[in-house]
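Please go over the structures that come below.
In the two assemblies presented below, chain A is common to both, partnered first by chain B and then by chain C.
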Partner chain A sequence: MRARARLGAALLLAPLVLFVAVAFVAPITTMLWRGVSDTEVPRAFPRTLAALAAWDGRTLPGDDAFAALAEDLIAARAAGTLNAAAGRLNSDTPGLRTVVFATARRLARGVEGPAREAILAADPAWGEIETWGAFRRAGSTPTDTHLLAALDLRRTADGTITEVGEEQRLFRTVALRTVWIGLLVTVLCLVLGYPLAAALVFAPPRLVGLLLFAVLLPFWTSLIVRTAAWMVLLAREGIINQGFVALGVVVEPVQMLFTRTAVLIAMVHILLPFMVLPLYAVMRQIPRAQLRAAASLGAGPLAQVARVWLPQTLPGVGAGALMVFIQAIGFYVTPALIGGGADQMLPYFIGFYATQTVNWGLAAALSLLLLAGTLLILALFGRFLGLTQIRAA
Partner chain B sequence: MSGIGRLLWALFAGATALFLVAPLLVVVPLSFSSASFLEFPPPGLSFRWYEALWQSPFWRLAALNTLLIGTASTAIATALGTLAAIGLWLAPLPGRPVLFGLILSPMIVPVIITAVALTFAFAPIGLAASHWGLILAHAALGAPFVVVTVLATLSGFDRTLLRAAAACGAGPVAAFRRVMLPLLLPGVVSGAVFAFATSLDETVVVLFLGGPEQRTLPRQMFAGLKDTIELTILAAATVLIAASTLLLIAARLLAARSARLASGPRR
Partner chain C sequence: MKRRSLALAAAACAAFISSAGAARDLTIVSWGGAYQDAQRQVYFQPFTQATGIRIVEDTWDGGIGVLRTRAQAGNQTWDLVQVESEELLLGCDEGLFEKIDWARIGGREHYIPQAVHECGVGAILYNVVLAWDRNRLPATPTWADFFDVQRIPGKRGLRRGVKLTLEIALLADGVPRDQVYATLRTEAGVERAFRKLDTIKPHIVWWQAGAQPPQMLGAGEVVMTTAYNGRITNANRAEGRNFGIQWRDSLFTIDSWVIMKGSPNCDAAYRFLDFVKDPRRQASLLPLIPYGGTARGANEGLPPDLLAVSPSNPENLNVSLMIDDAFWMDHLDRLSQRFNAWLAR
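The block that comes next holds the complex of A and B.
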C-alpha cells in the first residue's frame, strides 16, 4: 500500500519535475556553464593552443606556435569559425579582431618563407606577449577568465592575476551599487512598512479593509504599470513638479526622472507590500492579551513594545527583509526606465552583455555572481522563509 | 501608548497607505484626459485614448498576445502544478526537499537570468521569438504558485475521505474526480489566478525572448515608456489596473472559500 502510494506520488510529480528540469533548469545551467567555459577560440585555433600549452608567457612563443597560428588562421577562415573566435579575442583585448582578420587575409594569399616572419610582417601586434596571452585566456574550459573579468581582474600572459586598468574597471562598482541599492530599499521598506503593518493589526475593523486594499492593490498591479505611474508623477511636466512650482518650493521644474532618488522611490513603492504582508501575517498571530498582561505587570508602553511586541515580530522582519532584498537586487525594468546610467545594477549589465555586445561569457559570469549572491542570502536567512505563502495573503 | 504617539503613528501609516495607492489612482483620471499631452489637471474628459488604444493594431496585437500567452501558460502551469502538489502531499518521497527546490526554482532565480538563459537555449531550437517559447517560459514561472496554493489547500484535506471513497468502490481516478477535486477546486483556481497574474505581469522574459509578433501589453508599455509618454499608455495601464483588481477580488474570494472548506471536516 505504501509502495503504491509512493509510486503514485512519483508519477504525479514527474510531469512538472521533468518540465521544469528541461524548460528551466537545463537552460539556466547551460547558460551559467558559459561563465566558466570558452568554446570559440578552441574551435578555431586548436593547433595554436596546443603549441602554447607549454609556453611560459614571459617571452614570445617559439616558431612552432607561429606555424600553428598560420595554419589555424587559414583553416578557420575557410571553415567560417574565425568570426566568433575573433569576437571573443576582441572582447579580451579590444582591437584584436582587426589584427586577426587582417593577418588571416594576408596569409590566405599564400605564405612565403617562415611563418614567424610572415605573421610579424602582417601585423606587429604578434610581436607583443599579451596578444598571445589573449589566446591562452580564451582557450580553455573550465576557465576563470569571465569570472575574473566580472570582478575587474584578469590574468597576464604568464598567468598572474592583476587588476584591469583604471578606466576599464566597472563591475565591482556595479556589484557594490547593487547591494547598496538593495539595502537602502530594504531599510526604507522596513521603516515605512512596520508601522503600517502594525496599524493593520490595531486599526478599527472598518479601516483595516481599506488599509489592506491599499497594500494589496499595488501588490497585484503589474510592475510595469507602477513604473509608468511613477514616470508620470516624476516627469518634468508631471504632477509633483507642478505642485512644487505652484507651492513655490522650486522656481522651475526640476529633473527628477533618471535619478537615484526616483529609482529608490519607485522600487520602495513596488516592494513595500512584500514587507508589509509577512509582517502583518506574523503580527496577527501575537495575542493582544500579552500586551495587557505586560501592562498589568507594570510595563510602560515603551517596555511593552520593546520587550513583548518587537521580539515576536522579528521573524516577520526577517522574512520581509529577505524577500525585498533578493527581489531588489534582481530589478531590471524599473531602473532601466526610471534610472540614469549611474543607477543601473547587475541585471542591466547581464542584459547588456547578452544582447548589445553578445559577450555571453561575461553575461554568464555576472549571472553566476548575482545568482550566487541570491542563493547565499537565502541559505543564510532562509529560515525566515515564508516566501511562498505570502502572495496568498 | 500616549495620545500624540498614537496620532503620529496613525498619520504615518495613513501616509504610507496613500503612498501605495496614490500613484495608481493618479493614472486612472489622466487616462481619460482630452489633452494631447500629459497635463494636470486634465483640461477635459474623453475616451479618445481608449479609442486610440482600441484602434491601434499594435495594442490590439499586444492585448491578444497577453491573453493567449496568459491563458495557455496558466493551463499548463495549473495542470502540472496541481498534479505535482497532490504528489508531494500523497506520500513522502526520497529527495523531497530537492524536488521541491527544483519546482520552486523559477520563483527564486532573478528573472533577468531566466530571460537571458531561455533566449540562449530556445534560439537554436526555434522557440525564440515564438508564442510557444513564451508560453513554456511563463508556465515554468507560474507553476510554483500553483503548487504552493494547492499544497496549502491540501493541508486541510481529510485523508480518510479517500479511503472512504475506496471503500465505496471508487477507483483512484473516480476518487480524485468526485471527492478530491471538488474540495481542492478553490485552491486550484486561486493557483491559476496567481499563474495568470504572473504571466500578465511578466515583462523581462518577453523583452528578451519575444519577437515583434509576440509583443504583450507589458512589452508594448515598456517600449512606449522608452520614448515620450503617450496617453495611450495610461489607458493601457488603467485597463491592466482593472484586470489586477478583478484578479485580486477573485483571489480574496477563493482564499476565503478554501479556508472555509479546509476548516470544515477537521475542527
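The block that comes next holds the complex of A and C.
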C-alpha cells in the first residue's frame, strides 16, 4: 500500500523532474563541459596530435609531426572541419587562422618532397615552437586551457603555467569588481530595505496594502524597461539634470549615465524588493508582545531594538542579502546599458566571448568561475548562518 | 543522384547554358528592412520587368554559420546572397561560393577596384565617419580634434569594441591612411594606438547599436561621435537634423553579392549581376538610402546634395580607408582581450 503511494507520488513528480533535467541540468552541463573540453582541433588534426604526444615542447617537433600535419591539413580541408579548428587555434595565437588556411591551400595543390620543407616553405610560422604549442593547448579533453585563461594564466609549449602579458590581464580584475559591485548593492539594499520593511510591519493596516503595492510594482515591471527608464532619467539632458539645473544645484548638466553610480542606482532599484520581502516576512512573525514585555522589564527603546528586535530579524537579513547578492553578481543588461567601460561585470564578458568572438570555451570557463563563486558564497552562508535560516524566511 | 545533378548545374553555369530548366525561381537574399525595400524598387522589380525572370526574396541577418549549413545541406535554396566583407573572405576560403566570372558582367574594369573579389561583386559601399551636430559645433572637426579635448571640450562617442577604434586612434595620431594596418601589425603600433586612446579615455561614451550615435548627438550627450554614414544622412533627411559628416579619414567597407556554390540558377544570377552593374541604376539607390554604388561612374552627374552623402563619390572615397578584414580575422581575439583589459583599468 505504502509502496504504491510512493510510486504514485514519484509519477506525479516525474514531469517536473523531466522538465528540470531537460530544460536546466542538461543545457547547463553541456555548456560547462565546453569549459573543460576542446573538440575542434582533435577532430581536424588527429594524426598531428598523436605525433605531438611525446613531444617535449622545447625544440621543433620531428619530421613525423610535419608529415602528420600535412595529411591532416589536406583531409580537414576536404572534410570541412578546418574552419572550426583554425578559429580555435587563432583564438590562442593571432594569425594562425590565416597560416592554417594558406598552408592547407598550398598543400592541396600537391606536396613534392618531404612534408617538413613544404610546410616551412608555405609559412615560416611553422618554424616557431609556440605555433605547435597552440596545437597542444587546444588538443585535449579534459583541458585546463580555458579555465587558466579565465584566471589570466596560460601554459607554454613545454607545459609550464605562466601569467599572460600584463596588457592582456583582465579576468581577475573583473571577478573582483563583480564581487565588489555585488557587495555594494547588497549593503545599499539592506540600508534602504530594512527601515522600509520595518515601516511596513508597523504601518496602520489600511496603509500596508498600499505600501506593499509600491514595493511590488517595480517587481512586476520588466528589467529592461526599468533600466531604460533610468537611461531617460539620468541622461545629460534628462529629467534629473534638468531639475538640478533649474534649481541651481549645478550650473552644467552632470554626467550620470555610463558611470558606476548609475549602475548602482539602477541595480539597487531593481533588487530592492528581494531584500524587503524576506525582511517583511520575518519581521511580521515577531510578536509585538515581546517588545512590550521588554519595555515592562525596563528596556529603553534602543535596548528593545538591539536585544529583542534585531536578533530575530537576522534570518531575514541573511536571506535578503543572499538573494540580492547572488542576483547582483549575475547582472548583465543593466551594467551593459548604463555602465561605462570599467563597470562591466563577469556576465558581460561571458556574453562577449559567447557572441562576439565565438570563443565558447572561454565563455563556459567564465561561467564556471561565476557558478563556483556563487556556490562558495552559498556554502559560506550555510556554514556560518545555516541554510535552514533561509527556509524559515 | 543529388550529387550528380549538382555537378551538372555547376557545369551548366560555367558553360553558359540557359537555365530555363531550373526547378525554382531565382532566390535573392539581402538584409531586409528599408534597404531591401529600396533594392526591390531599384533592382528587383525592374529586373523582372526587363527579363521576365521572377525573383523570390529572402532576408537574413548575416553570419558565416548560416552559409556553411546551407552549403552542407546539398540542396541549395539560395542563389544570390548579399554578404559582409568578413563572410566574403571566410566563405571564399571555405569554398562556399562560386568563383566570379568577371567577363560575364562587364569585366573587372567596370567596377571600382575595391569592389572586385575572387568570389564576390561589390554591391554597396558604406562608411564609419566622424559625425557632429552643426548646430552645436560650427567647425568641421577631424580625428585629431576628436582626440583634443582642450580645443573642443565635451564627450566623444565611440563604438564599444576594438575594431576601428585602434585605426581611428592611429589616424588621429598622424599615421597616414595607407600605413594604418602596417602600423597595427607591429606591437609598437598597437601600443601607440592605446596610448593615444589613453588621452581621451575619461571623455569617451561607448555606444553599441548603430541607432545610438544620431540619438546621442541629438541629445547633446556627445559633441562628436563615430557613426554609420547612412544613419547620419537618414537623421538629417527624416528628422531635419543638421549633422555633419567628415569623410576625410573615414573607414569604409563593402557588402558584396555572392553566388552560392551549387546554385541551379547560376545563369539567372549572372544576368541579375549584369543588370545591376549599370551605374545609372546604382545611382538611383542614393536618394532612397545613402549607400554608394560600386560601378565606375555611379556618381557621375549626380546633384551636389547626393554627391555630398555618397560614400563612393570619388571625392569622399579617395580620402577614406578600406577596413582590412583579413587583419581583423587574425587579430580580433587577442586585441579584443587587450581592449577589454584596457577598458577595465
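Observations
Criterion: the second predicted complex is superposed on the first by the 379 of 393 C-alpha atoms of A that agree within 3 Å, B and C clash if a C-alpha of one lies under 4 Å from a C-alpha of the other, contacts with A are read in each partner's own complex, and residues count from 1 in each chain.
Here is the rule we go by: contacts are C-beta pairs under 8 Å (C-beta built on N, C-alpha and C of every residue); 3 or more make two chains touch, one makes a residue touch a chain.
What you are looking at is a predicted structure, and each value in this text was computed from that prediction instead of being measured.
Judged by the number of chain A residues each one touches, B leads among chain B and chain C. Contact with both chain B and chain C is seen for A:A235 once the two complexes are overlaid on the shared chain.
Look at A:P94: by the touch rule set out above, it reaches chain C but stays clear of chain B.
Of the two partner chains placed by superposition, A:T156 touches none, neither chain B nor chain C.
In the superposition on chain A, no contact is made by A:S140 with either chain B or chain C. Legend: residue contacts after superposition of the two complexes on their common chain; A:L170 is shown touching chain C, with no touch to chain B.
On chain A, the surface touched by chain B in one complex and the surface touched by chain C in the other have residues 235, 237 in common. Note for the complex: chain A touches chain C at residues 80, 82-83, 90-91, 94-95, 97-98, 101, 167-170, 173-174, 177, 235-237, 255, 257-258, 336, 340-342, 344, 349, 352, 356-357, 359. By the touch criterion stated above, chain C contacts chain A in their complex at residues 68, 72, 90, 93-94, 155, 160-161, 194, 204-206, 208, 219-221, 326, 329-338, 340-345.
On the chain B side of its complex with chain A, the touching residues are 1-2, 5, 9-10, 12-14, 16-21, 23-24, 26-27, 30, 37-40, 76, 80-81, 83-84, 86-88, 90-91, 93, 99, 102-122, 136-137, 139-140, 143-145, 147-149, 152, 172, 190, 194, 197, 200-201, 203-204, 208, 218, 221-222, 225-226, 229, 233-234, 237, 240-241, 244-245, 247-248, 251-252, 255. Residues 2, 5-6, 8-17, 19-21, 23-28, 30-32, 34, 192-193, 195-196, 198-199, 203, 210-211, 213-233, 235, 237-239, 242, 269, 272-273, 301, 326, 329-330, 332-333, 337, 347, 350-351, 354-355, 360, 363, 367, 370-371, 374-375, 378, 387-389, 391-392 of chain A are the ones that touch chain B when the two sit in their complex.
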